[in-house]
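You will see two complexes here that share chain A, one where it goes with chain B and one where it goes with chain C.
== the complex of A and B ==
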């Protein structure tokens, strides 16, 4: 039982990071129908910027995170700007274009920070505490809390603010949104900026837990994407639930299958997609002839 | 003259290919050896991604499966290189089938992430299996044995690879430009229309992955024999994305294009060989630039250049000739009194909306039936349910006495149902001729075994198919535009192409969804002539139409739908005077009897 809870806490912590990544995927997808394969790369860049400002510039961790979020949001805007001509065209083409951006981001990271990774020390509460026989790293709780706050803020933004409502409108029907005077382009840019900001948040938080290296983006991007699909692509609450679930699957798979954990995780994911492609919260779409 | 220069180019290419080992040093020939392996991989990726439209990010895993299978079977099981090679290629094709399973349910980005995930699962698997050497991989794989030739020399190995390429690459071309590949391309351009034209979409998707697996497998075996060492990092996502870059930069729709893409990126990587990260930067940026500015890649460059040179002077693609009736205009004599289509209590619900509510109607063989009703009354839903695109919630459909409720669209096509679509669903990247050839192809997927066992038979049947296409093109007056793609043609011509494609399948029942929408008066006249001719050859016709003049003059009987319910079903004169029908149109409907001229021009302008 203790082992179980121990693993569960670890799973929820990494799952919170996946949830942040998945939310980034989803906010971009629901607004502009773009699946951003460069998202993992953006997460990685966020992790590098946050760790650089934390370790090299010696800013407080929170400030380093803020810098990372702002800078990566700017990168998100650049990606959106370049791919904008494709937005109404071929989805597959746009997808391949974002893969291209992912490759570029990885190359840039290697050029700037080198091919070897870096370990980031835990920024706050380094001493593990024991609660009811379970050893808990307080930093895990910090990750869960930050993800929870980010999710709540997002929820509030989409429901109760004007740009959020505009984004909802664009998600539902871009033409109708244009007709009532919403600027779809700006709405898309905001979505992409927020998505990239969330990615930086995820990357910055993940730094002390995972090793920051040029291959971080691939791993975290694919798992975050899988989490988004699990929850129902484009669905924000679904992204959170999918992230947490995927984190748990990841953690338990690691404790049961060791080296083969990833094999099991990806197979489970493939089976879920085949059985229920619309995810937990997603709606079945009707193909129109 | 053109033939001659083509032959000359082929001879030149052969001379260059054969003499390469004499002009290149040991390092460069190794680079070429690797490039040929990438060519095979790229052909496989082109077949699945470009030809069949299946986002396949697992191609590198098929490569890995074969390389590892070859390694394990030779070093751990003790088999010879060649028997192991056969099994390894089969294993890769099988891996292709397995990775293709998700394609039955999902497409596009979902498929991309699943195939990427499965390829990561593969590297995680071999990185932990002790039989595969775990993280260290397998060392000391055997040199392929060949009597009298020492294949450990990279110079001689080049000739082995060249021989394989010369056999396998033409097979890819052979597949793409005959029935099977044509169906894959049709499916890529529009999977619903492809299914309705008889393409067994699930099988086609699976077989495109199996093909990708086969090409990846051949590449993997050659890799194992050349490098003689396999380890997980060789098959990671970086290699996958490099391969993807080659395919995108070369042009994913063209086999020749992807080969050029492999050569281009190989050169770029060799020029930047000491700056591999900058090479990565370059090809990543090239992918982005290509998708934004040149989605057809290098393969599309000649076309773009030509368009640029001839800008302004290019005329709209050639005109159409009038339709030629088949010569037996014997009016309604084809009617037999037997039912062609019986719809019994059919219901279809979309979440809250009851689109079809207990619809019952019977269409006689040889009849021309009109289906009318205000917008949103369920006419197209009825067609979609009858033709297998939607599954009904209740009720039954019988076709010539046979129960076909919820049958698959491709099965219905092979049972003699053909249809057109309200918003035109032509295969956009296929020529008019190819569109019609897809309709003409009446074979089932299993026919494709001939590709392996009897390729000459495939070529022969292809010639017959083309003769058939020539006839249909002539009959529908489309000969002059046979080589144009649909997007270059005027709207009315596209409509006619869609009917010709449907009729190419020699259907017993033809469903036309608003065939006169967007047509001018003369084209509408032609349409009426075509429909009468179709019927005179024994094909039953059901048409949805808003043009009441056309419906009244053409149809033997008219069924009126309103809110998913049949409110009238009688001869045109009776229906036109039925109070319920008049109320449905004037009371609740927003549609007038004739097509609105404004929307008509809008549709034409939008093309």
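== the complex of A and C ==
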């Protein structure tokens, strides 16, 4: 039982990171019908910015995270701005554009910070705590808590604020939204910015747990993407659930299947998607008739 | 609606395009005049193939630095074969065997004397059949025992194999330190599998079996499952067969889970990346088997480290040293046969008698040049020679 709980906590922690990444994918897909393949790269950039401000500039970790989120959100706005002309013409071209941006981000990171990457020390609560024979890394709990707060904030934003409602409207019907005076371009830009901010949050939090390197975005991006699909692509609570589930499956597969862990994780994902293609909570995106 | 005029225009266009294609086809692909095949003057071309992006890009970066430093020094000293300079071209294999084979095909059709690289065994194994067929020697920093078994006359290793690393380490752990209960954690990539098999064989030779044998994936981030099993087995020492970052994460998480047993492993354990990722306190006491203990071992290594620092502004480490040795050997071999290439160059490399930063090189028929490693212990964040 101890081992089970131990593995579960680790799974929830990495799952929270997947959840944040998945939320970023979903918010952009929901409002624009676009799969943002630069998302993994943005996670990586966020991790680099957060760790640079934390280590080199020596800001307190929370402040470094805030700076990273703001700067990365700005990068998200730039990406959306550059690709906006393609949006009305062909979303598939915009998707290819995001793939290109992902490659550009990785190359830029290597030029600025080098290929080697850096290890980030755990910023808070370094000492693990033992509760009933289970070793708990307090930082894992921090990650889970932050992801939870971000999820709640997203939920509130979409339900109870004007820009959030506008985003919902654009997602339902962009033409009708324009007709009632909502600026679709600006709403999409905000969505992209929020997605990028979430990515930075994921990357910055993940830095101390993993290792900040140009390939950080790769695996996390793919798993976050799969998590988003699992929960229902475009559905924000779905993204959170999908992320946590994916993290748990990840952790238990590693525990039970050792070298075949990745095979099992993606097999489980494939089976679920075949049985229920729309994901747990159903796909939600803008209808482009 | 097609008109006769339209047909006429199409035909003309086709002839023009076809003529242009023929014209380009007649000249050598992508070659500049100064380095046409078989020329006796002009620079000697060497290719560096390594991961410049992706998870293993640090290895590629270090190796490229080592080669570049060696070649710059040789060129500054007057070059080889009566004043010819060595020209380097860098290729990014992204740590991916498929990309590697594409690059091998490109290199095979161009005019390269030899290939320096790659730093990882999987890609090297993918590339060597193509390069062997083109008679282009390849000097790799990979250490998988599979590299010994390719049967190619053109593959050379500037590192000892995993077998050497691990038998030296196993003997040290079991016979010198008396640590009989050994747990293994390895990944199932090319390097990790090589380490797993080699270390297991080394233990068997000493009459031991490991108390735990956990396999993880190269991309894995959370090792709770594997480490919990290891903790249950209560080992005296944990052998890690994984690359720098993963090994560091395993060590860090092991300490968090309360496992105090020392860590042991091959060259990745001796790198700064491992020490940084694991954290200095967690890396303390780790035992490394490596032919290049540190930059302070001898006057030659100190000079190398100083030159490396001056050229790149970074601290030198083992992979750079390996590549430096390899590049110097190739340059000297070329010089000894007046820059001939192909099989003659391969034979010249094999006949090399060279003492490098890692020790004395003497290539056998499988391309292995070094047959021994040294043991170091991480003390206060630095690797120092173990006293045995």
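Following the convention adopted for this analysis, the second predicted complex is superposed on the first by the 281 of 289 C-alpha atoms of A that agree within 3 Å, B and C clash if a C-alpha of one lies under 4 Å from a C-alpha of the other, contacts with A are read in each partner's own complex, and residues count from 1 in each chain.
In this section, contacts are C-beta pairs under 8 Å (C-beta built on N, C-alpha and C of every residue); 3 or more make two chains touch, one makes a residue touch a chain.
Just so it is clear, the model here is predicted, and its values are computed rather than measured.
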{"item": "Superposed partners chain B and chain C on chain A - clash or fit", "value": "clash"}
{"item": "Touching partner for A:117 - first (chain B), second (chain C), both, neither", "value": "second"}
{"item": "Touched partner set for A:128, first chain B, second chain C, both or neither", "value": "second"}
{"item": "Chain B versus chain C as contact partner of A:37, first or second or both or neither", "value": "first"}
{"item": "First, second, both or neither for A:107, with chain B first and chain C second", "value": "both"}
{"item": "Which of chain B and chain C A:82 touches, first, second, both or neither", "value": "first"}
{"item": "Which of chain B and chain C A:180 touches, first, second, both or neither", "value": "neither"}
{"item": "Residue contacts on chain A - larger count, chain B or chain C", "value": "B"}
{"item": "Chain B versus chain C as contact partner of A:259, first or second or both or neither", "value": "both"}
{"item": "Shared contact residues on chain A - chain B and chain C", "value": "106-107, 110, 115, 218, 259, 261-262"}
{"item": "List of chain A residues in touch with chain B within their complex", "value": "35, 37, 82-83, 85-86, 90-97, 99-108, 110-111, 115, 218, 222, 225-226, 229, 233, 259-263, 265-267, 269-270, 273-274, 277, 286-287, 289"}
{"item": "Interface residues, chain A side, partner chain C - complex", "value": "3, 6-7, 10-11, 13-14, 106-107, 110, 114-119, 121, 128, 130, 135, 137, 209-211, 213-215, 218-219, 250-252, 254-256, 258-259, 261-262"}
{"item": "Complex contacts: residues of chain C adjacent to chain A", "value": "52-55, 57-58, 60-61, 187-188, 214-217, 219-226, 228, 245, 248-249, 256-258, 273, 276-277, 279"}
{"item": "Chain B to chain A touching residues, read off their complex", "value": "53, 55, 101-102, 104-106, 108-110, 112-114, 116-118, 120-121, 124-125, 127-128, 192, 237, 241, 244-245, 248, 277-278, 280-281, 283-288, 290-292, 295, 350, 380, 383-384, 389, 421-422, 425"}
